[in-house]
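Each of the next two complexes has subunit A plus one more chain, namely subunit B in the first and subunit C in the second.
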Partner chain A sequence: MGYSGARGGLEAILAAEDLVRRARDHAPAPWAPNEQITARFRLAVDRVMGEAGLYHADTSAAALRQAEGDPLEAAHLVRAHRSTLPRLAVSEPIDPDEMVVLRRIVPAFREPDGPQLLGRTTDYTGRLLEQPAGPPPRRSHTPATPPERTETQRRPGRFLDLLRKLDLVVDHRRVDDPEPFDITRKPARPPAERSAALASMARAETGALVALWYRSILGPDGDIHEVTLGEVRHGRLPLRVRHPHTGNPVRVGEFRATEAEAIEDLDGADEDRSRFDVGYGLCFGHNERKAIAMANLDVANRRFGRTGPLEQLLLLTTDGLDSAGFLEHLKLPHYVTFRSMVERKQAMRAAAEAGPRVAEPAGQECR
Partner chain B sequence: MTSTLDTLLTEREKDLHLGILDEGAKREIRRATLTAVCVPGYQVPFGSREMPVARGWGSGGLQVTLGVIGADDTVKVIDQGDDAGVNATNLRRMIAATTGCAGTADTREATIVQTRHRVPEERLREGQVLVLQVPVPEPLRGVEKSVVECARMHAEGDYSAMWVSLYEDLVRNGMITRTTGYPVLVGGRYVLATTPIPRWDVPRLHESEHLSLFGAGREKRIYAIPPHTDVRPLTFDDVPFEVEHAPGARCVLCGSDDVFLVEAGTTGAYACSDTEWCARVREGDADTEAHHARAPLHLLPDPSARLRAPATTTARPGRPRPVLPEGQDWALRVDGLGKVFGPGAADAVPGTGPEHGTAISPATGAIVAAWDVSFDVAPGEALGVIGESGSGKSTVLGCVIGDEQATTGAVRLAALDEGRTDLLTLPGDARRRLRVDSMAVVHQNPAAGLDLRVTAGGNIAERLTAAGWRSYHDIRRRAAELLDRVEVPLTRMDDPVRTFSGGMRQRVQIAKALATEPPVLLLDEPTTGLDASVAAGVLDLLRGLLAERDIAAVVVSHDFAVIEALTDRTLVMQLGRVVERGLTDQLFHDPHHPYTQRLVAAARR
Partner chain C sequence: MTEVSREERCGLLAEAEPDELRALADQCLADGADVRVLVGPEIGFVTAQVREPVAAERFLLGDVLASRAEVELAGHRGWAMRLGDDRASALAAAVLDAEVEAARPHAADVAELCARVARRRQEREAAEWAELAPTVVEFEELT
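And then the complex of A and B:
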């Protein structure tokens, strides 16, 4: 017996793939090249880069097109692609203080160090649906005169430093410099280091993280209560690696990231009521929702991660590929396992029909 | 000009292959697989990569297969026993396309069989590798949701929660109703989830000739059953493990009735789930006789065998009562025990205690909850520790039990190493083990000592199975005997403890504490929180139990009436120190220390 028995399955798969390709790639609409997608669906591209853990806009755009706009499926495509790539180098540590801000707001302070820079946001734009009949009139893409920015405006001091100066924050800085936990090489399980939780959140599915954050506020086992956002910023950071021959750090590119600091009021019995605690969030691209949720959950995890379910929830339930993969596997055939379950139901019924089971009077029947 | 990135790429070019997994990842998977083979049944964590199939669609099995496969291998892939299903087809084409190996449906030709939910009916032989896709690798998840706790249970081989779930199943349903993914004990050490293969396939993993590798991609675990490994489905010695069976069913295609059958159509017909085996039976190309001999027909459900008692009772495991060495008359001995909450340890002690009127250290602000507490208890003797709330008596008990880390001192049990070993130097797992059969505790709150969702019998079964009892009927008999002794009506034996009153719960807790006849019993405010009449009943019971047993008891209470009723000697504690000690009768009638006088006066009021 050869391979022929498998033909039916293969034909069905090929036909399904063909249906997708025909509808997606040959739809009667202009082709959407990568630059079209990165330019017009920037936030979707950024989200895929973050959830995939691979910063490359072109790859993300291609994935979004292939996934017909499903960001989770696109993140899966990028991560599976990443599995085929060798790890060329490990970057030098990124110093977020080097971030050149494109946007930066400090809700907790009227006049912080540096600017309150609104930047590119629709925060204050009325959510009114625009339904233009066609493309808008042509307009030059470059702003009239790029404003000159001082160093403070480009790289403002962070709000946390101000709080430290005022001695209003609990200091969690460590003097040792441990290697960060690499979630792409080791499975993160509780109890885990803070870096494992931060990395898991940075790569988490945005909706899952926001839902967990909201659960921590409104859910029955919530841990976050007094939420103040210290600072949120979006900007560019340089990426450096050591040159394989000279050993010197060399700048090989830059990437955009969103950073957030969340302030938590401490009120636990063994906590310093006279100070605040600050949580940290950082993720690829422009994704403020994720960075803010992450910062809040970082503090909550430090305070309650081990005494409640939060650490396990953070580490094990927020990855989109994990949760969606497990959910979707329910579509696979399960008739063997189901048969085994049906058999036990039938066995119980048969036993019941054979006569009522004498509830053993405390083991008396076995004498 | 060459950029830094270009240079890095050239450095690594030798490792670049067209594939779905880079070479570094494959090496890592092989290392994890080797570890798994060396420690059968242990779940080895690995850096699971993202595959072109979703997690849950065989990403773990695929990684294991790609990690161990070579170009001259022949691979067979089945899903539900079927080579032709879409998922099997898809995985096979992916493996073949990226490795260049040959594909087959014939189990006899395959060197690697990747499977979801089945073990082939054909006998797997030496040299063949069975790769099982695992959706949920943790067999304990059904009884414990915390992954930290599950890890502890595996590390300590503490599977009593699993045994209790089987016990409860039998009590409620008269049979074990677990379906697929039946838990097995591998090599007598680790409990393992048999993916979800049917129970029919479980015996094929025992002493097999082939190597079984289990890959869980989503949960990032690899585990293995090497050839010739002992694999036993978890069941009590006197309750048979049952495989699936549909009476009278035969395959509509090949007529076999000694294979795993699945429903064919909706009219009650059945067919082989292993399509390749079925085809070969029809072609006359299968050794059906050898297969029949191998089939688990001796494990077909037999209602008459389910809860039938064995003719003779099996020996009850338990350690012999320790013989006290010459010149040593204590079962439990505590020397110079101290516990400081906060900074300073011994430096925090000066300036605290009854003479200073405080337990808070003037030097460091730490709370000196107990200091320089020493006592011993002989078999058959009961020692009382009395004091107000905050006097340190519960802290002392906590340190003896192991719930608290003592700052200084030593705790010895005659049952352990003839009293030579200081318990405080033992790791957590060793101390937890002592609580199974050497030292039992009755907590003030029954919820601390019982699982309220579990039946009264099941709670006692927890302690007995932890001590190694494996006979369902022996456990039932022992639980009934104990519940009868603590005056819990046997009609309530199979009711969850949460439906019990406070006094009844406390009686169940006492029965559980005595289940393994431990030489030392620690009672922490055993009647506090009960109504006066109920408390009196429990007190009567305890007095009787202590009198009829050769047990060394420590009773902690704020109530002199409890201490007087139960104990022979007493320590009085105030602000972390022992302020008076003596025979209970004498203390009660002639207290010296003013604090003791106050306590006695309070009891007489």
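And then the complex of A and C:
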């Protein structure tokens, strides 16, 4: 029992944990190994990797199994595990143009540079629940051999670059190169560098980010008013570090990521109304909802982050461990807190009955 | 095969299968060569730093699990880093890197392993494209 307002209960706590372990680990069903979880629930695994901020499918699969399928609890487990590990290196700056695409669509434009590649998606098919009694019969599948993949098909040109060629987008490119903010070492607080907001969104809880995105469209702030997407990509990016002996970059592997570009109309009095603005989203694994919300919120944050609540909401309310951690802690014994609240009520009542009114006590937070 | 740079070799060994790394490392050490482990093998993470395309700003996307090791074999240092938490494979890859650096008897076998990994990468990409190519779409525009 780690909460300071109460102690004891150790036997019951151990028994409760044992109940979880026995029911989970010895459920009357075949054991689900990591490979099973990764292969059949890849989107859940990817989501955990992104929200935990640690890319490793096996670790996320193990966490999902331990968390009984709760992605937030799984992300918590992975983030706790990550905190025990040393940082071996910071990668060389990754150029997203190097992404080898597994899926790439440009909703804004029919004929962008390179193909519109649907990849693995059910975006265009109806949602009909299938309830097979067992694994569907295996279909023979031998894909035809296509012509060799061209470089444009592997790494299509970026829609943003097309907008730049047409001089239709404001240019935010910086000439300086500030060090990126590290949210794992220091909490990001407003006002923050854009790198802090991007890192926070990349690690945010997907639902929280989507909810904030939707609030920005339909809610009171109206921070997003034109919603058009340039790029939506899922693909593989190389990870390179400096070789300790030669000092040259070494590719140590690759990881999958989802990328989005959101195009926003500029309509403010002090904005260049003859051009568009573009926001950027990138997150681990295949998680299009998150990358799209991030891209829209990136441009909204640039425009309205400091004049409204958006930057504060982004930085302080979208981390799943933060929000769920606070929420979950409310279940711990709050006997002392509540007793003091009751005593304040009783004191007020006694004071009222005694005669002159007293000022309301300050502070009513339940923490 | 054409000779690869040390960086390319490390990159290919980072993608080799655990079994082939360990088997070849065992062969390299079978002659009783003097070997010392200098670093690890240890599990940690590499922080993925991205330069995003809108403002060319760098930001930290997150961390990628990785293992690394460094050895000295016959007076030459070998280094390896691989994604994932397989320490034994990182150690084996470091031994293979040192085998080539020291121009020892199995250096050619390491080069052959690297060539095999490179071929597999190409085959994997070709198979992947065969699955993806039919999903290239050209939507029609309503006018």
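Throughout what follows, the second predicted complex is superposed on the first by the 338 of 367 C-alpha atoms of A that agree within 3 Å, B and C clash if a C-alpha of one lies under 4 Å from a C-alpha of the other, contacts with A are read in each partner's own complex, and residues count from 1 in each chain.
As a working rule, contacts are C-beta pairs under 8 Å (C-beta built on N, C-alpha and C of every residue); 3 or more make two chains touch, one makes a residue touch a chain.
Just so it is clear, the structure is predicted and the values come from calculations on it, not from any experiment.
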Examine A:A80 and indicate which partner it touches, taking first as subunit B and second as subunit C; both and neither are also allowed. first
Worksheet item: Touching A:Y280 in the superposition: subunit B (first), subunit C (second), both, neither?
Response: second
Output check: A:H329 vs subunit B and subunit C. Expected answer is one of first, second, both, neither. What do you get? first
Practice problem: Check the residue A:Q312 against both partner chains and state whether it touches subunit B (first), subunit C (second), both, or neither. | Solution: first
With both complexes superposed on chain A, which partner does A:R194 reach: first (subunit B), second (subunit C), both or neither? second
Applying the touch criterion given at the start, work out whether A:I13 contacts subunit B, subunit C, both or neither, answering first, second, both or neither. first
- Is A:M341 contacted by the first partner subunit B, the second partner subunit C, both or neither? first
Practice problem: Pick one for A:L168: touches subunit B only (first), subunit C only (second), both, or neither. | Solution: neither
| task | Name the contact category of A:P244: first (subunit B only), second (subunit C only), both, or neither. | result | both
In subunit A, both subunit B and subunit C touch residues 82, 85-89, 182, 184, 241, 243-245, 250, 252
As the complex stands, subunit B meets subunit A at residues 3-5, 7-9, 11-12, 15-16, 19-25, 28, 45-52, 54-57, 59, 79-90, 92-93, 103-106, 116-118, 135, 146-148, 151, 173-175, 177-181, 196-200, 218-221, 242, 244-246, 260-263, 273, 275-276, 279-280, 283, 285, 301, 303, 306-307, 309, 457, 473, 476-477, 479-480, 483-484, 490-491, 493-494
Given the complex, residues on subunit C that touch subunit A span 5-7, 10-11, 14-15, 42-66, 68, 70, 77, 79, 81-85, 125-126, 128-139, 141
The residues of subunit A that touch subunit C in their complex are 49-50, 53-56, 58-59, 82, 85-97, 100, 102-103, 110-111, 115-120, 143-146, 148-149, 153, 158, 160, 172-174, 177-184, 194-196, 198-199, 202-203, 239, 241, 243-246, 248-255, 257, 261, 278-280, 282-284, 298
Seen from subunit A, its contact residues with subunit B in the complex are 1-3, 5-10, 12-13, 76, 79-80, 82-89, 182, 184-187, 189-191, 241, 243-245, 250, 252, 309, 312, 316, 321-322, 324-329, 332-337, 339-344, 346-348, 350-351, 354, 357, 359-367
